[in-house]
Amino acid sequence: MKVAVFGASGYTGGELLRLLVNHPAEVVAATSKEYVGKPIYLVHPHLKGFYSMKFSSLEEALKGDYDYAFIALPHGLSKDLVPKLMESGVKVVDLGADFRLKDPSLYERWYGFTHPYPDLLERAVYGLPELNREEIKGAELVASPGCNATATILASAPLVKMGASHLIADLKVGSSEAGSKPTKGTHHPYREGAIRPYSPSGHRHQAEAQQELSKLAGRKVKVSLVPHSVSSVRGAFASVHSFLEVDEAELWRAYAKFYSGEPFVRVAQRGTVPNVKSVIGSNFADVGFASDQESGRVTGFAAIDNLIKGAAGQAIQSLNLMAGLDERTGLTIPPLSP
Amino acid sequence: MKVAVFGASGYTGGELLRLLVNHPAEVVAATSKEYVGKPIYLVHPHLKGFYSMKFSSLEEALKGDYDYAFIALPHGLSKDLVPKLMESGVKVVDLGADFRLKDPSLYERWYGFTHPYPDLLERAVYGLPELNREEIKGAELVASPGCNATATILASAPLVKMGASHLIADLKVGSSEAGSKPTKGTHHPYREGAIRPYSPSGHRHQAEAQQELSKLAGRKVKVSLVPHSVSSVRGAFASVHSFLEVDEAELWRAYAKFYSGEPFVRVAQRGTVPNVKSVIGSNFADVGFASDQESGRVTGFAAIDNLIKGAAGQAIQSLNLMAGLDERTGLTIPPLSP
Amino acid sequence: MKVAVFGASGYTGGELLRLLVNHPAEVVAATSKEYVGKPIYLVHPHLKGFYSMKFSSLEEALKGDYDYAFIALPHGLSKDLVPKLMESGVKVVDLGADFRLKDPSLYERWYGFTHPYPDLLERAVYGLPELNREEIKGAELVASPGCNATATILASAPLVKMGASHLIADLKVGSSEAGSKPTKGTHHPYREGAIRPYSPSGHRHQAEAQQELSKLAGRKVKVSLVPHSVSSVRGAFASVHSFLEVDEAELWRAYAKFYSGEPFVRVAQRGTVPNVKSVIGSNFADVGFASDQESGRVTGFAAIDNLIKGAAGQAIQSLNLMAGLDERTGLTIPPLSP
Amino acid sequence: MKVAVFGASGYTGGELLRLLVNHPAEVVAATSKEYVGKPIYLVHPHLKGFYSMKFSSLEEALKGDYDYAFIALPHGLSKDLVPKLMESGVKVVDLGADFRLKDPSLYERWYGFTHPYPDLLERAVYGLPELNREEIKGAELVASPGCNATATILASAPLVKMGASHLIADLKVGSSEAGSKPTKGTHHPYREGAIRPYSPSGHRHQAEAQQELSKLAGRKVKVSLVPHSVSSVRGAFASVHSFLEVDEAELWRAYAKFYSGEPFVRVAQRGTVPNVKSVIGSNFADVGFASDQESGRVTGFAAIDNLIKGAAGQAIQSLNLMAGLDERTGLTIPPLSP
């Protein structure tokens, strides 16, 4: 099996390359706009010795011969690339947002463009295996979920099944979510030790979380999402709050049942809670819950590595399903702790 | 003015000593159970050169001559000490929880003991100047608020005034909140990079936040509080969520009005949000807000230094009010950033 | 191939378990003094789902059936365990210091005990494959190097070959070096942001670094080692300084030649330097060098993950050599970055 | 007393503004190239409420009326500004490197420009009060030392007095040293957890450290300086190594004597070592030493806050001396710890 990675010089692209080292798929092309012709280790020094190839341009890569393509480009850049790849018979896992939403009008609202391929939106499958495993198996185009959406959905899906309809997703995320380009917000002296909200209203992942949770519930579910920057590098933690009259025993049963048999979701023992430290470096999502009987608050928790279960790992999980491989292929590296 | 610090070897006690260096009050006694007779710099090497005194025992300190006492002892240890001090005419600022709650029955529920001095609970003033400035001025016993309660109340007081009654306070806090004793949860390899909830239901500060916000509103306000450990050392950040039909202009007016003239509360400009990085090392609380019209969610934010506005600084603010000093005395050190 | 891990509840033991997940060796016993009978995920929550076994006592494990034993016990505890295992025909990789030094008198000086098995010291092989590969292949007992010694030796071996005889090894290390037990020095509020030397004179790894570098040089080499605590969790970085009249071109040739063909040593391109961020999570040592012509200073650098190349990974590398496996078996996981 | 701050939007400029809040000098101008006309809190949100002034241009500030000017501009920008200020009778504390070196030819070598005012180099006083207190008192132009040079000199001055002539200064520094502009090297995901050398040969501060230590010794002293990036934000720690036959008792006497009476240098008790955690937020330099008798190595240590004793605080210390104030004016804020 041959694969291409479009957008291989960013963090998500680098993580794809890293994980594919221990995967049967062979990487035959890795593109970069800024580093065409440069060796991969120049950008990803940790990968020195693993890849002898050089970054190629997008145009060059389009001429290559491969079965699957991962797209790890900024939002808005894959919508025109995907149709070209699909025409050549290449199956695609897009890690950007361009094919996640079913309703074309949402692209105007949340991403500021009119979607040129509404028909492809219908054919694209939202690549969260815990919700859409069977569709992913048969998909030609998988829209791999955003990291904050992944954490939000996995934290709260059982709550939604139990009846929750108004969710407040309070996320705490590491700096690698912001990507590999230095900015004021990720300048080390500014970011280290910081705790502050970003996108305090209207984070884009809200739309996809809402779409998938509503589909799961079979009714309209409202999700309001507030991510916070904290000083970790990796990790996204979702605390999804709602008001619901349930006790902890019911919650335990609901979570255990919902995630029964899932290879990459681990439900916290009662009395314990998830921690990003236990999932970093792996494709696991550790989930848990708590309830405060006095106020009626119930909270679902999920901890993921934003670059793996929130991006590259989940994309490979979809690839495995599409290709008929064991879903865990290349993803059995345990978390790195401490 | 002479003061004694009971419990001076912990982080809060050390912070009192640090801030009192630049305050007219003279520290005449500093107690420690573990370090009696040892020089202060042994425990607080950063204070080397500022204090020549040694730690004394509680018993010895009780015999001393001073006008005010700060108590920074673990919960449950001040309830018997305070009456003794007050009998001697000493005015007290207690940084522990023993006199924060008005309803004695709540001590049984939240702290596991029957309060021996319910009459003192009535006389004690909850030491949050932004709510209770006038009572503090005349108080003989101030119960200085918990750090998480301080952040929660300051983040949401204007929301409560606008009608919010069901609040979910999602806090993110640094490791210094856990105190100066090494534990598994604060072991550096475990804590650095961690994001996880602690006390996911039933955090004790919930009771005092509920008491004060209800008093402010003149009606029952429910607050459910979920703190999360993140890898900062200092800082507590509260995101207090509720559902309320208000727009951002109304929010701005409400926050600006509520905190008008407050010397230590800074309301974030519209379009910006608070960040603990801008308050560390100071007595400031930076507050802000956001609303998500689609879901009806509204959130109040507050960033404080948990050891200053959340503990030692706020206690000195109360002392200043009790002693008739300018409220800002000794507290005008700007935040340390970056 | 069956293996036992003695001392499996600490960080090094946990790392052995983690790496052995992707290794053909089967772990049949994992001991812990404190957690006998408890499931492994209780101590190592990141390994949940990978091991169903429980911790056993040392005594129980001694009765088991396995070909190789890893010992990750505190210094002084393996010296009596090793002979028992060897008598049963078990080959041993000891990650502690009890068999690293050839001269028995050094145990009295550095570790404070008279070594009970000086004959075993002769038979033990110092498990640094880059220096002793052939001996490791035939060894029945491998004394796996200390993390600081590993970094020091790999940073400076080419310098010693070029003639350097007086080395000052200035190390900067993460908190995981201190082990899994909470202490004052690893309390998060104290350690995070700290930069300070520990063992500023007389660090024990000095003895083994001196022994191996002297053996390599065929003359007496003096190494003075000063480790510093910095606020990373993982990572040990050695800057080994000496005075030597060589230029950068000679240095480049010496390093490139010395490490030619080494599967786990990567020499930095000229003009670049190693960084622990590029090796964390892997068995790589990235090495480099610099010279200051004006003062005659020359410095060798090495960056390792203290728990992998500095402990568990290097021990597995020795196991692979002893067992006739490809040296890289189970160790091809690329570093985790960022 | 009126002062102007040239270059007030960077970290050093911000720190000057912060410290001057509690100093009798009145800040009448604060310049910024990028933020002319913008309020100070926009760039320094932590200072909100302390300054109502706006940033002015350099040209505008030159027309102002003040007694002293601090210059916190990038290297190369003050050499032409200083003469203009001095002509107007303004006394100057320059925090850049343009007037630190006495030998004009060194500017060509280290900074790449021919110095236009060699006469001013003679008149400028190197602003390290511990070495040059009396000259500073009478100076019209003080060249305030670099942070790495300050740590290096304070760590090793007593060693040099004892005879050390070849010094290797191994520094470990926080990210704020790199300034306020985001770069690849200070991107949070890259920098957090990093340990790596930068300027591994030929760091510019080497020249000034060599100049001042040679002057102190009355003979040529060679200093080779290697700074390392670690993941702290604030703090510079120097470990200055040399070979010298002295014992710890002699070292103790030498350090105690050399720094006797110094208001901002604290010598570590025997058996303890300095730590940046004990000086952050203050103007203190904590110094110490260690010796390894076996190898003849001796090391002097110094811990400073790079933005205070390494920049803004030390500059104010010079201002105090120049203005005949108590040297500690505005600098008595104790370190912030934990």
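Here the chain labels run A, B, C and D in written order, and each chain numbers its own residues starting at 1.
Note that in this section a contact is a pair of C-beta atoms (placed from the backbone, for glycine too) under 8 Å apart; a residue touches a chain by one contact, two chains touch by 3 or more.
Keep in mind it's a predicted model, so treat the numbers as computed, not measured.
Here A-D and A-C were compared by C-beta pairs in contact; the pair with more is A-C.
Among the remaining chains, D is positioned farthest from chain A, on the basis of C-alpha centroids.
Between the CA-based centres of chain A and chain B the separation comes to 38 Å, rounded to the whole angstrom. If you average the CA atoms of chain A and of chain D, the two centres end up 46 Å from each other.
Centroid to centroid, with C-alpha atoms defining each point, chain A and chain C lie 36 Å apart. Residue positions of chain C with contacts to 2 or more other chains are 11, 174, 176, 180, 189, 193, 231, 233-234, 275, 277, 280, 338. Against chain D, the residues of chain C that register as touching in their complex are 166, 168, 170, 172, 174, 189-190, 193-198, 200-202, 222-224, 226, 228, 230-235, 237, 239, 241, 243, 273-277, 280, 288, 290-297, 299, 301, 303, 338. Note for the complex: chain D touches chain A at residues 11, 174-176, 178, 180-184, 186-189, 191-193, 231, 233. On the side of chain D, the complex with chain B involves touching residues 11, 14, 18, 21-22, 44-50, 176, 180, 233-234, 266, 272, 275, 277-282, 284, 332-338.
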